[in-house]
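Here it is, the structure, as structure tokens.
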Amino acid sequence: MQKEDITQTLAQTVATLADFSSSGMVYAPKHGRIMPSIDALDEIMSNLRSIIFPGYYGKSRINSGNLSYYIGVSVDKTFHLLSEQIARGICFAQIENETSNCELNDKKARDITVEFFKRLPQIREILISDVKSTYNGDPAANSFGAIIYSYPGLKATTNYRIANALLKLKVPLIPRIITEMAHSETGIDINPGAQIGKSFTMDHGTGIVIGETCRIGNFVKLYQGVTLGAKSFPLDKDGNPIKGVARHPIVEDYVVIYAQATILGTVTIGEGSMIGGNVWVTKDVAKNSKILQHAAQDVRFNNGLGI
Amino acid sequence: MQKEDITQTLAQTVATLADFSSSGMVYAPKHGRIMPSIDALDEIMSNLRSIIFPGYYGKSRINSGNLSYYIGVSVDKTFHLLSEQIARGICFAQIENETSNCELNDKKARDITVEFFKRLPQIREILISDVKSTYNGDPAANSFGAIIYSYPGLKATTNYRIANALLKLKVPLIPRIITEMAHSETGIDINPGAQIGKSFTMDHGTGIVIGETCRIGNFVKLYQGVTLGAKSFPLDKDGNPIKGVARHPIVEDYVVIYAQATILGTVTIGEGSMIGGNVWVTKDVAKNSKILQHAAQDVRFNNGLGI
Amino acid sequence: MQKEDITQTLAQTVATLADFSSSGMVYAPKHGRIMPSIDALDEIMSNLRSIIFPGYYGKSRINSGNLSYYIGVSVDKTFHLLSEQIARGICFAQIENETSNCELNDKKARDITVEFFKRLPQIREILISDVKSTYNGDPAANSFGAIIYSYPGLKATTNYRIANALLKLKVPLIPRIITEMAHSETGIDINPGAQIGKSFTMDHGTGIVIGETCRIGNFVKLYQGVTLGAKSFPLDKDGNPIKGVARHPIVEDYVVIYAQATILGTVTIGEGSMIGGNVWVTKDVAKNSKILQHAAQDVRFNNGLGI
Amino acid sequence: MQKEDITQTLAQTVATLADFSSSGMVYAPKHGRIMPSIDALDEIMSNLRSIIFPGYYGKSRINSGNLSYYIGVSVDKTFHLLSEQIARGICFAQIENETSNCELNDKKARDITVEFFKRLPQIREILISDVKSTYNGDPAANSFGAIIYSYPGLKATTNYRIANALLKLKVPLIPRIITEMAHSETGIDINPGAQIGKSFTMDHGTGIVIGETCRIGNFVKLYQGVTLGAKSFPLDKDGNPIKGVARHPIVEDYVVIYAQATILGTVTIGEGSMIGGNVWVTKDVAKNSKILQHAAQDVRFNNGLGI
Amino acid sequence: MQKEDITQTLAQTVATLADFSSSGMVYAPKHGRIMPSIDALDEIMSNLRSIIFPGYYGKSRINSGNLSYYIGVSVDKTFHLLSEQIARGICFAQIENETSNCELNDKKARDITVEFFKRLPQIREILISDVKSTYNGDPAANSFGAIIYSYPGLKATTNYRIANALLKLKVPLIPRIITEMAHSETGIDINPGAQIGKSFTMDHGTGIVIGETCRIGNFVKLYQGVTLGAKSFPLDKDGNPIKGVARHPIVEDYVVIYAQATILGTVTIGEGSMIGGNVWVTKDVAKNSKILQHAAQDVRFNNGLGI
Amino acid sequence: MQKEDITQTLAQTVATLADFSSSGMVYAPKHGRIMPSIDALDEIMSNLRSIIFPGYYGKSRINSGNLSYYIGVSVDKTFHLLSEQIARGICFAQIENETSNCELNDKKARDITVEFFKRLPQIREILISDVKSTYNGDPAANSFGAIIYSYPGLKATTNYRIANALLKLKVPLIPRIITEMAHSETGIDINPGAQIGKSFTMDHGTGIVIGETCRIGNFVKLYQGVTLGAKSFPLDKDGNPIKGVARHPIVEDYVVIYAQATILGTVTIGEGSMIGGNVWVTKDVAKNSKILQHAAQDVRFNNGLGI
């Protein structure tokens, strides 16, 4: 192919690609506000990790003399980044409405961000409870540090707790992107709408899925591949799923669910129960039950791995 | 250990490591052409995403006034990057042949790349159909944007459709690297040789495996953990697998396959069928069938999660 | 909210976040040594890959004339980086002990690093055996290069073999971080304490878990989702798991284990045996056995995918 | 010094440095708007150079097929960057006024930036005249390209013409920063307030100084070290210089001034005159004069260098 | 030339270049300590500027709420960077002595760095006096900010004051590198050994040279091209210059020296004197003198430019 | 201005700027070869400095054990970078000729680059002589290292010697860009065509200009502001300067020229002569002459500064 032909072909391709008119797709909101940025959200999450677990994340050398400086700078930077992304997220949700004044959302976004930062110490506190419960329950973990540095479960929980806090503050879109970042990194898929108590542990983690209307108590432990899903969801008269209906399990305090177990529907797993590996549960489970796999009566307290 | 000893030990290690003579391994083709670069392919894929879904990917602020500029620059840059990598890929496949004139491949690579870009608008069109079908089928998705921003299924499908287009243009090696990039990011493993129709949906996605000779129709939907694999593969008289034989399922239009279902061999899943979660299928399934798990008769249209 | 209020609220948040006194958490060792850096370990692993598989990883154009220069520079840089991280890792393990003189660990770390580099050629040799066995066993692999470029199994094995070598040299913490990096990238979770022989193959890989006290022979092949876990672990009188007890499978030479199979406890899978997909094994398996799934008698040599 | 003492000393230093209260200095405007950024202005100037002289500046490979894309992207990016910096510059000039509403300046800044871009083609046109005159007058210049790539005179003129255009649009502060950037890079110090005609040439350039109220015609050429300064400036009754009074030379068309010549005050150098090297001029010079140094009657058309 | 020949030629060149044995040059100290790094010193100077003039330098948005965080982080980072470079500088001065224990210098360097930071507030204070005097004396400067942002004189003075402080703390090599950085950026060459009082102004600046044993009082102002040099320096009996002898001018308080004036030797310019442009002075000048150029009796208070 | 108007105005500006048709300017050669890149040349010069003065430039820690690796890698990288830029430079010189086959220049460029690298050890040798002569003649220089780290004279000489070597190998354009880089960094302007012997020293340096046909012997020393220029240049009948005629001074061995001296025309400064500061020379100077400024008979061996 001649050089001129290449140039011409590419120009034509560009023209076609630049025409979205018939696609029904939106490449930019009509009100002209810039769209949320994955890169910025990456940076935000990276900053928040370094605020919550200083020394482990972030490049800095932390000590008692400089800790407040580093946290101060990270909070300041992240405040502006997050406030901007929240504003974009809100505008994006008004994407169709050409007349909406997106600039009005800036103040709203700033207020939400302030509120989020006010809650951040509590988020850290509950994440510390997660670190401790993981440490206490895992013979292979020989320090809190090892968990913070390398446990995928804690990473996914960190993203979830931040995303959930933002969702409660009515931030659209952004929370889901944040939990999907952890999904990509860890293979653990937690919907930001789920409710999860303190001292939560996930071991190995790959393949865990936690649905939107799950309610999980305190001191709960999940192993890899556990699904907390919906059994079915009611349809409206047009055959479309009705939104917002509770359809996922309630898992009470001190429950342990071993690897690959599948629990579906609005069932309740009673306090202190143990669900064995690969078990399939679609009915309520009484408190302190031990649901073991068929013939596997010799498999007690088995995590499907036991590392 | 003394400083001199360290220096000497490291020098010896370097010498050993620089000697590949007895390894049978190739660290560079004999014809001297540089090998394909993962970093360059990463950049290419990142550019292609920003061409296909401008605003969502890429750092730029897009609007109707500047869209063609940004797409034009991305196409121009990517054209040269991709052309170079294709040329390297072709040369790499001729790795053993010292006398091959790799420079001859440059023109060939350029022609392939032009052809690829000519097809890119079609690829985008079918990807838009994937976005729409995902949106229509998922109650949790409240905008096309949420899907483009955060659904791992769409990311894996995007890489697959690009890799598949390159494979059809006879590009060696590169397509497989591209789908493995998505595998690493999403946990979804699609062989670039598979054929997948329009309006394709994968939800949650982690653990999905789609084999090389699969043929998947339009409007098909898969949930996490679905395997479309081979039951067995015929061996030649030396006990080595015979290549190129069809050995994976045919999935017709409008089929839905729920989480963790395993379908093996050259079976056909008839149009409009529904395969329940955790089902194991090794035989043909008639049109409009509902293959449900054993006792789980109350689980209709269950996605194993139902989010 | 007024600007002054925002400033004040953030300042208060910073003050709260900078106070770890009641958390029981450690954000920095008392002896003041900087903590291990994930970024540095990322760079180290990236360098080591480019030393082991030059041309495939790293940005450089390698040929017989410059190979030793590039390997020399990478070894030199990585030596200093790794030595520093090992020293930090050792100090981190002494985190509580304010009076420990962490600077004394520098020499120790340097000696360990020298020893590690002395062993690196052997590590490469065994990794080359892994590449070859993967190539020989996979009809879809048409060159060693395709495996090195894109097989997640090889990536996870590379990280494991490096981490295992460091663990044998008594390096704390760092090995686990290194295998978790591969876990995040590939979905394959190998404990650095496991023992794995030469010519090891993992295909597809997502979801594979290999426990700490596993002993795997030569020429073993695993497919995606295989778990080599513990059936149970003995508790001490306080109900805490007793550490260091062998509790994972022994897999002898030439064993093949197909997708999603689960093998738990200190069972032995005899030489040359084949474990079918989705099989659940908790008892010893004699040499050359073929353990197939229940009714799936027609599924011979099935990898659960067969790509 | 003990570690604790160091920490304490640094903390005290930080506290002292963070207290600007008694300095009379402003580290941030009272209205809270961020201050202009040197880095952003660097990027802006770099972009503008690549817009004016594509191919020479910027990383891109330019051809007739992609030129408009690259210029389009650069214009779009630079528009937003420059608009932001102009707004900051305007606010900075209102630095003392706490009650000023700096956000009101955003629209003003945007309008100025639009106007600036409308004038950019004219700026380029006149810069092209500068390139051509430099080429025509310099035997050592063998292509337009050599001048664009490497002549410090053209770099300083480019920054000046941009800064002058912004000054005419009443942008405060920013123009001076832009010409000082060129001063640092080239050793040529042109006040943005000077008026300079088309086809302007500076050779070698180091040490040239051109004052604020200079008026320079077309086709003028200056060599290194030329000063166009003020002889004196009138003081008000308090002994402070009165601002805005014309106090620098008027240099008419076709004048050439050789190296190290010093011309002071509101003198006029008549059209077509030649001022010799090291000459000191404080009086008007008639048209077509040749002002040579004392005994140096053999130095005709000497540029003090003649390269 | 054939590819093999190129490879061989380059290898030979590398071998020759790697052999410094007969050059008498040092590419690394014998004691093995790494040499000072220009890049690190660049970063240090950049940090120090952002500490001294926050908001103007550094990327951050500064306000009263976050100022101490940003300064705290910059001080902390710079402390470690500078301490390391000082240690390297000290070791470099012991370059020939293989047996010197360079690691002993670490503590010394740390102590020097602490002392330097203790003095930093004073350095800032005197630099603020320089800003103010520049502002007061220049009709073209309409805010302190314009001076901090763009005056080369202030940049050179900043580097000088920092270098001078380090020199007084007996740091070898590093101070000279720091003033040369400013020389490269501004064309102003100040030896770090010179003594310069407060409220110092340099206008335009290009070509100013200030010698090692100069003693400059308070409220002194210099214009571009001023040289404060040595008339001659005494030689020892071998014809080598004797070091450390005072050989440069003493410039008392409130002196103004106009452009291109040259003052040589250990002469004293008495308090309040004015030295005109291009004047050549090699003798003492009494207080309150006005030394004007020959016939230029009409040039009063001429700065050679008067901008 | 309304958003739509802005968009439209910018689009129009882009269209105007993308139209070079009537400008007579070249934004890209007709043969389509990419133009030389300033960024690449920057990287090349930075690499060459680190090859010539390892440890001083480049980030690496150099010792006898790793020196050859680092130089090897730098040579390898720079070889490809430089070869590419030389090819582009050659093509650029053929810019008007649409039919020229620029790809033919690749081999030529590679051969030139090989030859350049063969000469690099000699270039380093002569640069080492420059370092030594600078050290011997400057009382303020207390180590070779101080000179290499911070003397602008050596930086300019380094760029000049490299540029001169390339010019001798008939490389167009690139040499001039390289010396202009040093001009920008140091204020020293050396034409790459000048011939300069070994053991060359420039002190302070700002403002030195050395013309194209200068011939400078060995052991020559210049101070800041020295001009070695042309007195006049002969014009052809059309009034254009005749190119290639010798028009600059010949400076013989052991000459010293003090600050601001101006030497013009094809005069010869005889061996061992000393030219005083600010002297103006347009006639031959006999061997061992001392040309002092008018009444300044007491200024012996004055460097105009004497530092």
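A, B, C, D, E and F are the chain letters, set down in written order, and residue numbers restart from 1 in every chain.
Note that contacts are C-beta pairs under 8 Å (C-beta built on N, C-alpha and C of every residue); 3 or more make two chains touch, one makes a residue touch a chain.
Just so it is clear, the structure is predicted and the values come from calculations on it, not from any experiment.
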Angle of the C-alpha superposing rotation, chain B to chain C, to the nearest 5 degrees: 120
Greatest separation from chain C - chain, by CA centre: D
Rounded Å distance between chain A and chain E, as computed from the means of their C-alpha atoms: 53
Computed distance of Cα centres, chain F from chain D, in Å: 25
Length of the line joining the C-alpha centres of chain C and chain D, rounded to whole Å: 58
For chain C, residues contacting two or more additional chains: 10-11, 14, 32, 61, 63-66, 68-69, 71-72, 75-76, 187, 206-207
Interchain pairs in contact, sorted by label: A-B, A-C, A-D, A-E, B-C, B-D, B-F, C-E, C-F, D-E, D-F, E-F
Residue ranges of chain E touching chain F (in the complex, touch as defined): 1, 5-6, 9-10, 13-18, 20, 23-28, 32, 34-39, 92-93, 95, 172-173, 176-177, 180, 183-184, 187, 189, 191, 206-207, 209, 211-212, 227, 229-233, 240-243, 247-248, 262, 264, 280, 282
Of chain E, residues touching chain C in the complex: 7-8, 10-11, 14, 63-66, 69
Residues on chain F engaged by chain E in the complex (per definition of touch): 51, 53-57, 59, 61-64, 67-68, 71-72, 75-76, 79, 110-111, 114, 117-118, 120-121, 124-125, 128, 131-132, 139-140, 142-146, 149-152, 185-187, 204, 206-207, 224-225, 259-260, 277-278, 296, 298-307
List of chain C residues in touch with chain F within their complex: 60-61, 65-66, 68-73, 75-77, 80
